[in-house]
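Each chain gets a letter, A, B, C and D, in the order it is written, and its residues are counted from 1.
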Amino acid sequence: MKKAEVAILGASGYTGAELVRLLVTHPGMRIAALSADRKAGMSMGEVFPHLGHLDLPPLQRVEDIDFSGIELVFVALPHGTTQEVIAALPRHVKIVDLSADFRLRDPEDYARWYGHPHLAPELQKEAVYGLPEFYREQLRACRLAAGTGCFVATGLLPLVPLLEAGVIAREDIVIDAKTGITGAGRGASERKLFSEVTEGVDAYNIARHRHTAEFDQELSRAAGAPVRVTFTPHLLPMNRGILATIYVKGDAREIHRVLDERHRPEPFVHVLPLGAEAPQTRHVRGSNLCRIGVTADRIEGRAIIVSVLDNLVKGASGQAVQAANLMLGLPETTGLEAAPLFP
Amino acid sequence: MKKAEVAILGASGYTGAELVRLLVTHPGMRIAALSADRKAGMSMGEVFPHLGHLDLPPLQRVEDIDFSGIELVFVALPHGTTQEVIAALPRHVKIVDLSADFRLRDPEDYARWYGHPHLAPELQKEAVYGLPEFYREQLRACRLAAGTGCFVATGLLPLVPLLEAGVIAREDIVIDAKTGITGAGRGASERKLFSEVTEGVDAYNIARHRHTAEFDQELSRAAGAPVRVTFTPHLLPMNRGILATIYVKGDAREIHRVLDERHRPEPFVHVLPLGAEAPQTRHVRGSNLCRIGVTADRIEGRAIIVSVLDNLVKGASGQAVQAANLMLGLPETTGLEAAPLFP
Amino acid sequence: MKKAEVAILGASGYTGAELVRLLVTHPGMRIAALSADRKAGMSMGEVFPHLGHLDLPPLQRVEDIDFSGIELVFVALPHGTTQEVIAALPRHVKIVDLSADFRLRDPEDYARWYGHPHLAPELQKEAVYGLPEFYREQLRACRLAAGTGCFVATGLLPLVPLLEAGVIAREDIVIDAKTGITGAGRGASERKLFSEVTEGVDAYNIARHRHTAEFDQELSRAAGAPVRVTFTPHLLPMNRGILATIYVKGDAREIHRVLDERHRPEPFVHVLPLGAEAPQTRHVRGSNLCRIGVTADRIEGRAIIVSVLDNLVKGASGQAVQAANLMLGLPETTGLEAAPLFP
Amino acid sequence: MKKAEVAILGASGYTGAELVRLLVTHPGMRIAALSADRKAGMSMGEVFPHLGHLDLPPLQRVEDIDFSGIELVFVALPHGTTQEVIAALPRHVKIVDLSADFRLRDPEDYARWYGHPHLAPELQKEAVYGLPEFYREQLRACRLAAGTGCFVATGLLPLVPLLEAGVIAREDIVIDAKTGITGAGRGASERKLFSEVTEGVDAYNIARHRHTAEFDQELSRAAGAPVRVTFTPHLLPMNRGILATIYVKGDAREIHRVLDERHRPEPFVHVLPLGAEAPQTRHVRGSNLCRIGVTADRIEGRAIIVSVLDNLVKGASGQAVQAANLMLGLPETTGLEAAPLFP
């Protein structure tokens, strides 16, 4: 397999490091450049000692990267800083963006939820929402993929097929999500200290988490009518993993049948048997898998869906590699077959 | 303060040890006897080294305990074994039971959820449901208090006042509960190993957890009409704490007002300001406190309530001591004033 | 018991919050003032929600505190900032300092290990090293107590009696210490993030941790001759607790006999039987206890000593309250009798 | 690459599952059979849901496996049960044993440390100690490899070269080891419950852990003279990883030079620069790497060595695959190149 040269912008964050982890054994891509503005000049091993044994390019500033031989760029920069960086990239490079900057199709939605006008509205028009299970063909053909929010990926994989099939009520969808801390990145803050996170749980950003806008957009599209969900994220004392417990109105058997049929061909989505023991985040750690379970509530006409994935893999960097595989014409699962790390 | 002599049956489990912790500095009770059938003959320090420095009675078999001077007995035995033990206790002793054996008023409910007929239906009639916030006067007068399920205490403290006041819909109540592992006790099982619990989360007993029956009973009573909730427990990598995220239909402002008024006189229930940052389990660890927060959903007419407590204290042993204080005519907060242990 | 009025300077850190936790149920002291320079004007509940239900004085700047009625001040400020603050306190107040600023008797030692000259060398002369087990009488009479390093307390409690008795070699003492993260305080840094601490262990400041200077000082004093130890601290994914594994040359039986005799009258130091299962940090959490175990190595003439305590209690705030009890003429154990929180 | 057919005996334990994880993407081996006596008839997905998406052979009893096409067998059975199972295998299969059953060359050593006579002393004679870094050539030629103890691998990788080179004293070697819980396997016991392991640390089997015998054997061989170490294992609240802090007498610069030269050609052993920040277990998680750091003590002539690896990979299943690669004539690193999973 001839390897495509790729760059990672924002390599000093967790999703950047995870991209490196996934790409160093990827048979179809080669890391040709790494950027990290404030850590330019350092090696990846200085920033991430777990990668210290690898032969990797040094960290550079974006403007010092020679993009001439580079086919595809992963952009793992913070939300809000990405639009201008991507707008300045040469037209020959394909882009997979992991930030929130190109996820919302309507620039007014973006402005409302992110508090400032979109800085690259023209580029937004060509962006494809980056979830391969629902945008596979568009991704094969696109130049710019916008990777999804990690919570949103966890919720959409079960909910989109159900709303498309019309087997659940559009109202009364409650998404109670539990996440590990790595989704919040590596920046230092009191809130994320071990001493403040271990041995406890809390809900945060109740009724106002930004991923809500993405849910609205994609679920309304699937339903062909406006859908607004109740979404509550919780922070748990763990590194990786999101578990979404989703409360819906509909027949559990129908729900399970639709999900099972829709996802059976998917290499990374596994629907467990109806009523089976619910999936655990522990069982997808480090892998690109999403596992989904369906249980009938004791109250007639209601069901509980549990969906799990690793926020750094299927929720971010693995999803990005999957999209990149499509954009580069590689088999979709290339470099993503590793089994979960358990325990 | 003259100290009442008390016994703890089932002292070798976590709730038993927690009773000891709370009682060794309690100015109104003295531990006169401890039982643990399979560990009879051992000292508490051998079973629980953290209590090894204390001067405590040895572990005995129940039948070897001399109850003549004992005023009150805490029963911390496993579910199902308790009815016969309590039925055999001398009539002069008061009893606070921490098991599920006397929580359900209707013996048929008990048989349906626990899989065998109730073995002491006459005693059941005199049992008072052990949550002081709602059964304070009955507890002062009773002989047998039935401590609540830990999940149930977490949910009832916010939901009972709301259903009594009629400010939330009786239908569409979703209780998404997250618990630490100590609620499952000290018995060895693969499921509870560190290696199977750390760094992850899972939902279990979806739509069929036994605490559901207690919710039905107490919430229907509060509403004056049948109430059936959707209840999903989740296991988290932490020792202590339950956080219940409760989705209801009603006006958040009204909901907050009712809770704030109702619980303001309560020494152990604290309702946070409307829309404040949600309470964390970390902030009640080791204490008898329950903290409750209310947030309006972005969807009109819906609210999210977060309720937290320490399952071993307010959810079990602390609640039991609180009930015992009432039954013995002591000030209700005696021995329960310790502040939470954070971090 | 008439309550002495006390103040806590630096109440917004973990040791400050822990002092509050210990003092709110202390029958002999009342918190009359709290300081926190950068958080002046906030309530303790805003800074530490777990204390939000308590009736506490607001956080003030030190210079705004009225010390006229205050008998004793706990100083929980960062290392290096404390000398000038204490020098400026009115002479009538007694002081228990929890920082490193007055621990080293020789100002040159201080300058060498802390990188700047001592700013209050006159005060240093009256400071008493704050470990009650070895400085009880001096503490009763002193004005200024210098609380020990948390690692040092863990190591001195076993080592001082052994060096005094001459039953171990002064050379070849290796102290391999394992600590929870709270010892590093609440300041935000990448190093202390949950994601960087959980699920792993590392050694840090090998051969150059500042507590080494305290070990040198106190162990040399005990031995009556220079003692230099090899000391390596390790960071573990836990909040509270230090476990020191100490490798010494000497007869295990003699070692155990000396420790057992010396510490038998001590209310907070428990020496386990020779060869018993080693003490765990879990078994002292939240308490003022130190537990010590002794085991003979399989190599003749060598022994392994394991010493555990809770770094925030016996290693800091509990030790400080114990010293304050002595300085105020109260029974030494007042307010410190709570049993450990397990699990 | 033509794939060799392999079997895993004892696939229902953690090292068995880890072998599956490593082998499903291994280009040179194919899992042809899996055994698990008590779980025979179940699928791997039922026993380990994280492997539930893979197409794997069902679990069988050993006696039901057809070994005719199988080239190599990994034996991941409990200590003590393995000798007879291996003795009964057909002579054409090569064997990598992960238990302790063939590690000690002297059957009397085995009997002394394991409490019963060796059951296959003839086989013992042909067993090669399974650490490729020191037994590479013998492994290429052998039929039976005996994988090392996980603590022992962590200690030997630094200590063997140093004793061979004579740059450290043979006496006064102290190995203070810290391990995650997975080394203790998946069997249920109170000792290994989450509630008993989280948020704490303890030392166990002080001066009598069985791995001591392996240290004696291999270190004495390296030194050409008897070496007896002081070895203390500690249990930490983490799943994977061992960190050994090793106290030796010798010149740190010499020590570092010897290790650096010896391990520079090794693909899986990385010696950090002298005095660099010590390696962390977090930085090798899930990988076959061992990282080693050397620091001079402040006491002249002493050094502190820190060695880390993942007990389930380089300490067990990864080491076994590495040995199997050699035995099958494959490149040694095949299937083992995955980077560590961090965070």
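By definition in this document, a contact is a pair of C-beta atoms (placed from the backbone, for glycine too) under 8 Å apart; a residue touches a chain by one contact, two chains touch by 3 or more.
Everything numeric here is computed off the predicted structure, so don't read it as measured data.
Among the other chains, the CA centroid farthest from that of chain C is the one of A. Just to note, of C-D and A-D, the chains joined by more C-beta pairs in contact are C-D. A straight line joining the Cα centres of chain A and chain D is 36 Å long. Centre-to-centre, using mean CA coordinates, chain B is 45 Å away from chain D. With centres set at the average Cα position, the gap from chain C to chain D is 39 Å. For chain D, residues touching at least two other chains, in rising order: 14, 182, 195-196, 198-199, 237-240, 277, 279-280, 282-283, 285, 343.
Chain C makes touch with chain A in their complex at residues 14, 181-182, 186-190, 192-199, 237-239. Residues 14, 17, 20-21, 24-25, 48-54, 182, 198-199, 239-240, 270, 277, 279-280, 282-287, 289, 337-343 of chain B are the ones that touch chain C when the two sit in their complex.
Within the complex formed with chain D, the chain C residues making contact are 172, 174, 176, 178, 180, 195-196, 198-204, 206-208, 212, 228, 230, 232, 234, 236-241, 243, 245, 247, 277-283, 285, 295-299, 302, 304, 306, 343.
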